[in-house]
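Letters A, B, C and D mark the chains in the order given here, with residues in each chain numbered from 1 onward.
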Amino acid sequence: MKISEEQLKSHNKKESEVHSRHFDEIAGRLDKNNLNIESLIQQLEQFQVTIPSWALGAGGTRFGRFSIGGEPATLGEKLDDVGLIHAMNRTSGAISLHIPWDIPDDMVAIREKADELDITFDAVNSNTFQDQKDQEYSYKYGSLCHTDKKIRVQAVEHNVQVIRYGEQLGSKAITVWLADGSNFPGQQNFRKAFERTRDSLEKIYLELPSDWKMLIEYKPYEPNFYSMVIPDWGTSFLLVSKLGDKAETLVDLGHHLPNTNIEQIVATLLLEHKLGGFHFNDSKYGDDDLTTGSVKPYQLFLIFNELVENIDHPDQPFSQIAWMIDASHNVKDPLEDLLQSVEAIQIAFARALLVDREQLEHARNANDVSLAQEVMQDAFRTDVRPLVAESRIRSGAAAHPLKLYRQLEVRKNLIKERGTETQATGL
Amino acid sequence: MKISEEQLKSHNKKESEVHSRHFDEIAGRLDKNNLNIESLIQQLEQFQVTIPSWALGAGGTRFGRFSIGGEPATLGEKLDDVGLIHAMNRTSGAISLHIPWDIPDDMVAIREKADELDITFDAVNSNTFQDQKDQEYSYKYGSLCHTDKKIRVQAVEHNVQVIRYGEQLGSKAITVWLADGSNFPGQQNFRKAFERTRDSLEKIYLELPSDWKMLIEYKPYEPNFYSMVIPDWGTSFLLVSKLGDKAETLVDLGHHLPNTNIEQIVATLLLEHKLGGFHFNDSKYGDDDLTTGSVKPYQLFLIFNELVENIDHPDQPFSQIAWMIDASHNVKDPLEDLLQSVEAIQIAFARALLVDREQLEHARNANDVSLAQEVMQDAFRTDVRPLVAESRIRSGAAAHPLKLYRQLEVRKNLIKERGTETQATGL
Amino acid sequence: MKISEEQLKSHNKKESEVHSRHFDEIAGRLDKNNLNIESLIQQLEQFQVTIPSWALGAGGTRFGRFSIGGEPATLGEKLDDVGLIHAMNRTSGAISLHIPWDIPDDMVAIREKADELDITFDAVNSNTFQDQKDQEYSYKYGSLCHTDKKIRVQAVEHNVQVIRYGEQLGSKAITVWLADGSNFPGQQNFRKAFERTRDSLEKIYLELPSDWKMLIEYKPYEPNFYSMVIPDWGTSFLLVSKLGDKAETLVDLGHHLPNTNIEQIVATLLLEHKLGGFHFNDSKYGDDDLTTGSVKPYQLFLIFNELVENIDHPDQPFSQIAWMIDASHNVKDPLEDLLQSVEAIQIAFARALLVDREQLEHARNANDVSLAQEVMQDAFRTDVRPLVAESRIRSGAAAHPLKLYRQLEVRKNLIKERGTETQATGL
Amino acid sequence: MKISEEQLKSHNKKESEVHSRHFDEIAGRLDKNNLNIESLIQQLEQFQVTIPSWALGAGGTRFGRFSIGGEPATLGEKLDDVGLIHAMNRTSGAISLHIPWDIPDDMVAIREKADELDITFDAVNSNTFQDQKDQEYSYKYGSLCHTDKKIRVQAVEHNVQVIRYGEQLGSKAITVWLADGSNFPGQQNFRKAFERTRDSLEKIYLELPSDWKMLIEYKPYEPNFYSMVIPDWGTSFLLVSKLGDKAETLVDLGHHLPNTNIEQIVATLLLEHKLGGFHFNDSKYGDDDLTTGSVKPYQLFLIFNELVENIDHPDQPFSQIAWMIDASHNVKDPLEDLLQSVEAIQIAFARALLVDREQLEHARNANDVSLAQEVMQDAFRTDVRPLVAESRIRSGAAAHPLKLYRQLEVRKNLIKERGTETQATGL
């Protein structure tokens, strides 16, 4: 299924009257605050959020998985799905692949399809947390950190292979998420495991093309439940510092202990020029992988507040941060969920752009705590949806993507095309 | 210091043009959704949030306390401060007293002053977590739960005395927050401590006037760090169920373990007709006692969503729930903080009133998860500040209380009147 | 594979000299404290911990699963595995089945095999968190709480069927763990979901045989990540109170929010005679399902301290509490893990039996906090392993089950018998 | 009050028979395992744990404080109290002072008293979280991070002054715990606050004597409840790395988010040679400052397991790590509490020394997870109290310090000497 320009125009035409009024209202109000609306909308237009290939089908928990119909069964169909999202919001023009799930059969055909859909390939992901059918050694007890050199070599080689695939696709980064860790006190020698991991990462780093980045995630627990080799930003930071300039830390919002101040971590990484990118999602308990902005929208805004504050920094350019979603869709249509996530991210970004930075810095310098809070809340309480919709309309996207998605009965069409039994690779 | 009607009018006049435009915009928009704006604004006008007497001065932590100037030194001055808040927002027409901190010297004079300021007396609070100078027995090892009967008797008598003061002031409820608990495994016999507490509460309950309520708080930790006698809603609920119809549970937003779903607790208590009231505040880690809505505004909205859903329930009337703030102001002017808290509560209430309940129930029944989320987010993302301002203006309050507070330099005036050395009783 | 009496005797003979010395040492020491060693060892001998059928194979996470070899492929083989454990420790003489995973093909044969292995059938478990192949309606959006009556009926009928199977096996309880809940704010009407669940449970309750119990679990999150219909002990308690005397709460150690004081919950449930049983395991983060006692051994001891304190209570007899393990074995041989769990539980029980209750109550009554701590730590710091080993030897079990398990190369034998490709049903 | 050698001898004589039997039993058992008991006991004898001057009186919470009698009112009396502890356990031969609470009036007299009591001066602590009476600028909004340079200068100068006092006392380290942070989103510019803090610390660092260390603590929250400038080990590590070789991280066990794997942090800091020292205590919820080992004894053992594993590392010598207690005694006699803490630390150390490292490394290398757990639990389940008592007896201390403390009625004597109204400076 494809969404035609005609369908988009028709949708926007119907929405235009109401939208224009709302947009004029908010634009008028913000104009009074000397805010440059045009520039703000341009920033929204340029901002792109990458879709993960592994989140286009139904997710699951260890307790079960409930299929939706019409899941993409091939890499081509995954691209089609991202193409659908991107056609509707013009903000999701990139896909992040997971190897070996997404190894292209026909590299040329895949690149052509991506071009056609106006989609690029963002960071490629390696997978050493599962065993593949024809794999020689098991990752049951770790991969890059394994006590057995043969297994480390296998894991390093897999990562190098992922880079090679990425090169062919035009990716510029590899994301390494390491499930390595231990389930019981005493199981692992923490220091040796760290050293072996560092050595393995160094071997992979040496294989990076010169214009590539290596993004290293951290996570405190799951799938290991006593320790993870890279449990927190500090450990990731330590590793990327040792590796070199091309290595940076990736922040997955769900990978933190309860009550962590994530926005402060973002600020520290920005300060040290080591913020490589994000995996956006939301959560109440752990790595819940819920729709971005669905549980803690203020936290998302505060993260973007740090990012916007640094937006013009020459050493850590905003445009070079990898903006990616990582989610699992257990009870929703994945495409609807992704549309909601992208919109929530745009809203957070728009609100952060509204923050009166001059007044905020004044309040901070004067230790006028109430005023600082007012400045933040003023931006957050503003209804920025018309701004986001305007940026979409100007980009040739739909005013209201989710509405259009339902009007066009996209899922129904996908089920008609693909049937109810397909299952996307992923978690 | 008093705020004159003239000052309020002058403020509102200056704000009126901008306000009217914003109000008309939002009213026009909501009108399209068949929402009854007038009714909504009336509900906002009627809604009152009680100010705690103990939060009118600077708070502190165990590490230190930093005075602000002009703190109220007497109960009369505390009433004056609440009067200031209420004059500006017409939403804070009640005070909650803490005995023995707030024992009136001259009952008649205090009641007259309260009448004059249009302030009523909400729930009175007992204090058995500190020793008073002339107290016979110490609460070091507990009060209502104490192993020594003499100390339990003393604590019961104190609570009865608090009820007696409350009766004279026109209160209709006593709030019991019990610091009782233990710091070390083994220190306390959990079951005996529970039984002694239940017995003590029964004795207090018998002394309740017929139209009174007893509100019982719960808290998982602090000031005891291993166990609290009433750690969670389940234990409070067990106690209020045993005590009788006049006993209900009070929910302090800060009294929960990490990641607790508070809105669900609110729903369960509503279902069982045992939701007595709230202590509003916000927190990131524990009982941080921060400004309501300053950290987790979406959670506050979700709590109000439960309350509004139940707003017409005959057995648990919305109007009989005690709406109170409980906060500690370590770095802000307490009056500014309280104005911000009340506004955040009003905003959450207004947003909850916007929720399209028909569509929400439809989505729930159809298990249309994306739609349910859209309905909630639509209400939350709406900028309801013009509605709240309108309700204030109609009530004779200020369009923007905090702005007026600063224009009138209230704190400066209070310092002039009271000096910099006064210290309010409280925490 | 079976373990012969000869093998056990031979093992114990080899261990006897060292064991006897250690046992005499500890017995001599405790004897000085006027402790009745014989009675203590009898209590250990009588104590039985049920093995869950679903934890006899390799567990997994949503990220992957790594097989071990020799997993039991049939219910018969699962009984064999429990038989192996029980032969070695004489403390695991019961199995808890999960329906439909464990529906017996041949009821008579299964009962005979169980008799032969000296194994009884403890609580049976229903499963409404997964869809089965031939199931009419999906549990994707809930089961007992579902908005659609047809699905609730199906789920009730499944539970009744589980009871029927249990009756034929000689079980005396059904355990209901409900995965029902929601992933997003707004998705579920909390109160209606609770009421529907209560109604469904009532229907199941009516089908309980007169000498049966219904054990209701609670869990704060997973597999739903915003709310669970029965999130905490308070909600479970509310439900079992409404249902009647045969309904009781089951405490799974992993089903709590961070920092929960579980031993206090146990105490409260004991006080209200609503403690139905346990699912033992251990965890650092969430429902990690690790080996019991492997992460927080002191907490396990404190839980047993509450149980022992109540051991002679006529209204909540110790012997009628269901002692069950619930765990997931991702990196260990499940049989080794279960042997370790049972031993850790026995050690906690033995230590709790050592607590000098007279002195403890004296310390509590006198608020001698340091002494109370000393009493607890004295019991916990004592090396009770010789007592536990002695109780095993007297029961005809192995002095050191895990040692014997390895000496006999049980896993190797199981793999020889069953191959490496079998996979046990379960999680 | 002083404890005489006679009293110690008399105590030990009474205990000797029972102790000798227990010691011989455990020594015999361990001897069989080829463990060098003599060496182990020597290590225990040499190990010293510093007492904090601020924990010798009753602590308090923000809700209240309950005095004990006989609190030390002067620095001299604090030394006397540490002297009492040290006389009884010969393991607490150092005190850590807090400036300005502990500024010596008479430096010579204080040093002489310390010599007499065989007490040295461990790390000195600065205090910029409270305002002192004659202080020019307030730390209400921060100290080393303050937006106002004048306040930063004042805070730097205070720290330098603390170093100067420390030099005169023979200290070799300054501990910097920074309460700086913010209570509300937006209040603080994270990056500027970090940079200002770094600059201030650099100024202090320059004033360090050549053989000194600067120990930098981290803490996620309290007394600030939104952010702390140094919230986690990663931030502390970043700062100490920038500062230089003399700067190291200090780990306070209570300064972590829920579920943090502290032992892994210890391992990482050891690996990077940046582990400066400890503040020992225990906690269930936050910075509860409870008796070390009273809540999570297994965690304490796991921490010592990391330390012992590294005990012979040339670049991060065990002997140069600062072993200090930091606690608050709200309901216990502080001296009893400290004796219990020290004993719990010794027990954890002794157990860690028992770990069969060869077998553990074998199990780790072979990924024999069950065996690794067995090795750890074997050490932890061993009753090492006779070893610790033996090390005390050989050092001239009491076999059972707490028992002796009570027999000698030390608190009663202190109250007789000092009265009931004294209050120690501290928290």
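Note that contacts are C-beta pairs under 8 Å (C-beta built on N, C-alpha and C of every residue); 3 or more make two chains touch, one makes a residue touch a chain.
What you see is a predicted model; the values in this text were computed from it and never measured.
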item	value
Minimum number of chain-to-chain contact steps, chain A to chain C	1
Higher-contact pair (C-beta pairs counted), B-D versus C-D	B-D
Chain A and chain D: spacing of chain centres that average the CA atoms, whole Å	43
Distance from the mean Cα position of chain D to that of chain C, given in whole angstrom	39
For chain D, residues contacting two or more additional chains	140-141, 183-185, 187, 220-221, 226, 258-259, 261, 284-285, 291, 294-295, 298, 331-332, 367, 369, 373
Complex contact set, residues of chain C against chain A	59-64, 66, 129-131, 138-141, 179, 183-185, 187, 220-223, 225-226, 258, 283-286, 288-291, 294-295, 328, 330-332, 427
Chain B-facing residues of chain A, complex	18, 22, 25, 29, 32, 258-259, 261, 284-285, 291, 293-298, 331-333, 336-337, 340, 344, 347, 367, 369-370, 373-374, 377, 380-383, 385, 402
For the chain B and chain C complex, residues of the former touching the latter	140-141, 147, 182-192, 194-195, 220-221, 226-227, 231-235, 237-238, 257-261, 263-264, 267-268, 270-272, 298, 302, 305-306, 309-310, 360-361, 363-367, 369, 372-373, 375-376
